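Naming follows writing order (A, B, C and D), and every chain is counted from residue 1.
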């Protein structure tokens, strides 16, 4: 298989998964499976005005790239894309997308899942919740379940 | 969580993953994770003119729905979509899409992966390869690796 | 009884669908296979390896060959699935 | 040395970035924490629980507190990540 294509973007703008997938499969006939993950801003209580996503420019891209390179060593991937938004994000909007492409489906599932698990705990992004009721927001605490999700890759 | 939304479509027309995901998340703020799988027509040798997908109308939809209902019993899914194309499909084109939505990411990954594994071996579809060199096509043989992929769900 | 054939089985039989009155002694899938073999060499040919033939009764997989056909309206015979 | 602060650490310190000449005795991350504590109560406050502070040296995670700062141009201090 050719060298995997890795594309990492940190941006405020939203993304179109279909376009992203079309770009990475265009002109290639060796990709049989594409798995995408999108993470959305939840608000089950209806109390959230917006999320604010802060990041460490430079390191955010570099760290996701390091994780993507690890994934490409572990599975035969044709392409791996990660797009993480920053700035203000409203309930129901996209926060992050990961796309993994491979010849066969299990590598694509595992590659996308692995990249998300490590991105969650290692990529320098921080969420602040701005409630509708309150002008001052609160920083989200890191989740133990995100840390323990990494155990499945040992 | 509300009753999961299940949508099964068997059609010749292509699909737009972004539109499908937008439809199932529209107006909902309880979905934090969406995983999509798309299966594409490969042709690494450059010898394939087209795939022909035959199916059993009625049973194809019913069988995928039975698998989707099993997945919804096993994981807390908000929505599960499967779209399977039939008829003539060219190299690089989409064959199938599965989308799973949930509050958290692992359920979405597992739901999509499970639905694909069982769809592969239980949904009544058959592929015939029409080579560029030959007017008469050949039916694809079932794959042992697809059968053994089911073991991970035991 | 409506009987459906798919993929290469349909090609060997020469048609995809038939409506047929099954004799009273055809009570199970096994009985059906035996009876079909007697209908001509196109049926014998695809039933040479009966273990690989999949059967659905009223659009539900029926993996056991001693399953009764009582009350069934639609039988489908097809090779292992290769979709997805 | 460039020092960056993120998220609630930035809010407590009051700024996100500074250029500063570290004294020669600040040779490790541990030394840096000790020295920062002496700079005022806004630094003491965020360093009350030093174990939860993450450190990156030149944009690479540095989980060990005895890691040397020799040759480093950019140090970042931030809370556990909550992206994705």
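The definition used in the following text is that contacts are C-beta pairs under 8 Å (C-beta built on N, C-alpha and C of every residue); 3 or more make two chains touch, one makes a residue touch a chain.
This is a predicted model, so every value here is computed, not measured.
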item	value
Least step count from chain C to chain D, where 1 means the two chains touch	3
Steps needed, at fewest, to go from chain B to chain D via touching chains	2
Averaged-CA centre spacing for the pair chain C and chain A, given as whole angstrom	48
For chain A paired with chain D, centre-to-centre distance based on mean C-alpha positions, whole Å	26
Centre distance in Å when chain A and chain B are each reduced to the mean of their C-alpha atoms	22
Junction residues of chain B - those touching two or more other chains	39, 116
All chain pairs that touch each other	A-B, A-D, B-C
For the chain A and chain B complex, residues of the former touching the latter	16-19, 21, 25-44, 46, 91-92, 103, 105-106, 108-109, 112-113, 116, 149
Touching residues on chain B, where the partner in the complex is chain C	39, 53-56, 58-60, 62-63, 84, 95-96, 116, 119-128, 139-143, 146
Residues of chain D touching chain A in the complex	4, 6-8, 56, 59-61, 76, 78-84
